[in-house]
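Below, chain A partners chain B and then partners chain C, in two separate complexes.
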Partner chain A sequence: MFKIVGLLLVVCGCTAMGLSAGNEMERRIRELRELLKLLEILEGEIGYANAALAEAFRHGARRMAEPFSGFLEHMAEHMDEFRGDTLGEIFMRHVQEDLKGTALCRKDLDALTGFGEQLGYLDVKMQLAAIGLYKEQLTHEYVRAREECRKNSKLYRCLGLMGGLFLALIFF
Partner chain B sequence: MKEKDEFIKIFSTNIRNILSKVNIDSGRLQEIRLRAGKPLVLSAAGKEYFVTLSGSLTSDSEKSFRVSKREIEETMEYVANYSMYAYEEELRQGFLTIGGGHRVGVVGKAVSEDGHIRSMKYISCINVRIAHEVRGCADAVMPYVAGRGDVRHTLIISPPGCGKTTLLRDMIRQISNGGKHCRGRTVGVVDERSELGGAYRGIPQNDLGMRTDLLDCCPKAEGMMLLIRSMTPQVIAVDEIGGEEDIRAVETAVNCGCRILATVHGNGIEDIQRRPMLGRLVEEKIFECYIVLHNLGGVGKIRNVLDRDGQVLYV
Partner chain C sequence: MSVNLIFKIAAVGILVSVLSQVLKQSGREETAFLTGLAGLLVVLFWILPYINQLFESVKNLFSL
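Right, the complex of A and B next:
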């Protein structure tokens, strides 16, 4: 009896791992899409409203979902405090603190931090060019992630179930 | 001191620490100058002081704290709230206005294009001019500006840094609120450099009175026309007129029945008469009252008040 329950648990566990891997891929896609939305907002705020970054971040925070909303709000708060950090440092710190629970991979977070270092100093034209460049990279990453997800998410889910069944057979 | 704390936030952390130790009445503070590799200088009540690392004031430049390039950069980051791009136009003109109406003058290497300044880079000198709201400073001139129930077209003539904006601000407040000289009027203020209202996110931080409509960061000529169309002001106030377009807008506003309060740089009415466009306004006797300021014996001292014929009304 205990053996059957144990084997069922192994199958369920492995299936859950497969499902989770597939879901993570889908979550990353959603989060990359949120980042693209953030860039659209920044483009509008900087290009049309000529808003300062803290103000643009606050407006963005109201229109975005968590954890990006909190990320933007915390950055705006930090910027208003003038603690002696550069914008690059502020950006890096809040990427690490506020986006650690996301499905974004190391590469995505590094690219976001790198984008933060490009903000603030240049004229509007250059600022929009920096946003445009990052948007292009991000779109490329988003398309690739979607393609990967389409190909692999079913595979991960099947592998999870099959792996579980395989282990169950071995232990049986 | 709250006002001082709020204001020194724009300086780099190091300079902020030093300034927070300076024992000076912020009401007397006029300017703080930062130059890369040079002493930290502070002007108060017409006198210049060097500031030491411990925050004491000295006349010996050798004892002064020296400002580094990095501190200038950090200060600029705070002044522009990490968004230099948002102040492109201001940098082209050489100054930014921060919350509270304080003016931050900057110079460095100008980037030119077709003979015009396109931008400013390698900023190496910063001059922070502190704006003061002095309630009641216009009391002495109010009988001439708004006597017998009517507001007169008034021009304040003053050399730079003699308190013309402060005086204009108090005149606006008194005319807007009304008082013993006149009933309250609707005043439209075109605040091109955010110095009169010191607006933060569109809301004036200085008291401009209860019947004042503030148009912030708008070019004067365009702003005056906009106010006439949209807010029907009885009085229009503008700071530092001088350009051809400004003068034309003043003429239009006068012809529309608005009363004008304006300021201009100069030492006296003779300086104004020598300028082609402004001189014409004097010749046509558009302005009914001239208030001339000077800084002998302190900022904001009234040299005299003249009527439209140049007759002295007050010394």
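Right, the complex of A and C next:
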């Protein structure tokens, strides 16, 4: 009896791992889409409203959902404190603190940190150019991630279930 | 040797076959090959004691 319960738990655990891996991929795609939306908002705020960066972040925070709204809000607050940190340092700190629980991978977070270092450089034209460049890179990454998810998400779910059954057979 | 072992080997065979097909369809031929190899090793591990027993029996039968 306990053996069967144990085996069922093994199968359920492995299936859940597979489902979790599949869902993580889908979550990453949603978050990449949110990042693209964030860039559109920043572009609008800087290009058309001529807002300063802190103000653009604050306005953007109101239009975004968590965790990006928290990320933008904390950055705006940090910038308003005038502690002498560069925008790159502020970006890096808040990317590590506010976005660590997201599904974005190391590569995505590094690219975002790199964008932060470019953003605070020179004038509005440079900022818009930096946003345009990062948006292009992000769009490529989003398309690639969506293709990868389409191929792998069902595979991970299937692998999870099959792996669980395989382990259950070995331990039976 | 119980009949359960034969059922277990059959189940492993079916699982490995399905898994290999799924992996090949996803373009992961190497992983499919490794899965087949893992299944083979598991089954060999199960039947090794019986093979050993067989050789012992043959040795005893012919007093070798």
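Note that in this section the second predicted complex is superposed on the first by the 172 of 172 C-alpha atoms of A that agree within 3 Å, B and C clash if a C-alpha of one lies under 4 Å from a C-alpha of the other, contacts with A are read in each partner's own complex, and residues count from 1 in each chain.
Keep this in mind: contacts are C-beta pairs under 8 Å (C-beta built on N, C-alpha and C of every residue); 3 or more make two chains touch, one makes a residue touch a chain.
For clarity, every value in this text was computed on a predicted model and none was experimentally measured.
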First (chain B), second (chain C), both or neither touched by A:His140: neither
Contacts of A:Phe166 with chain B and chain C, given as first, second, both or neither: second
Which superposed partner A:Arg30 touches (first chain B, second chain C, both, neither): neither
Contacts of A:Arg63 with chain B and chain C, given as first, second, both or neither: neither
Contacts of A:Arg150 with chain B and chain C, given as first, second, both or neither: neither
Chain A residues touched by each partner, larger count belonging to chain B or chain C: B
Which of chain B and chain C A:Met126 touches, first, second, both or neither: first
Chain B versus chain C as contact partner of A:Phe82, first or second or both or neither: first
Complex contact set, residues of chain C against chain A: 8, 11-12, 15-16, 18-19, 22-23, 26-27, 39, 42
Chain A residues within the chain B interface of the complex: 46, 50-55, 79-80, 82-84, 86-87, 90, 119-124, 126-127
Of all residues in chain B, those that touch chain A in their complex: 9-10, 12-13, 16, 74, 77-78, 80-86, 88, 119, 201
Sites on chain A touched by chain C in the complex: 151-152, 155, 158-159, 162, 165-166, 169-170, 172
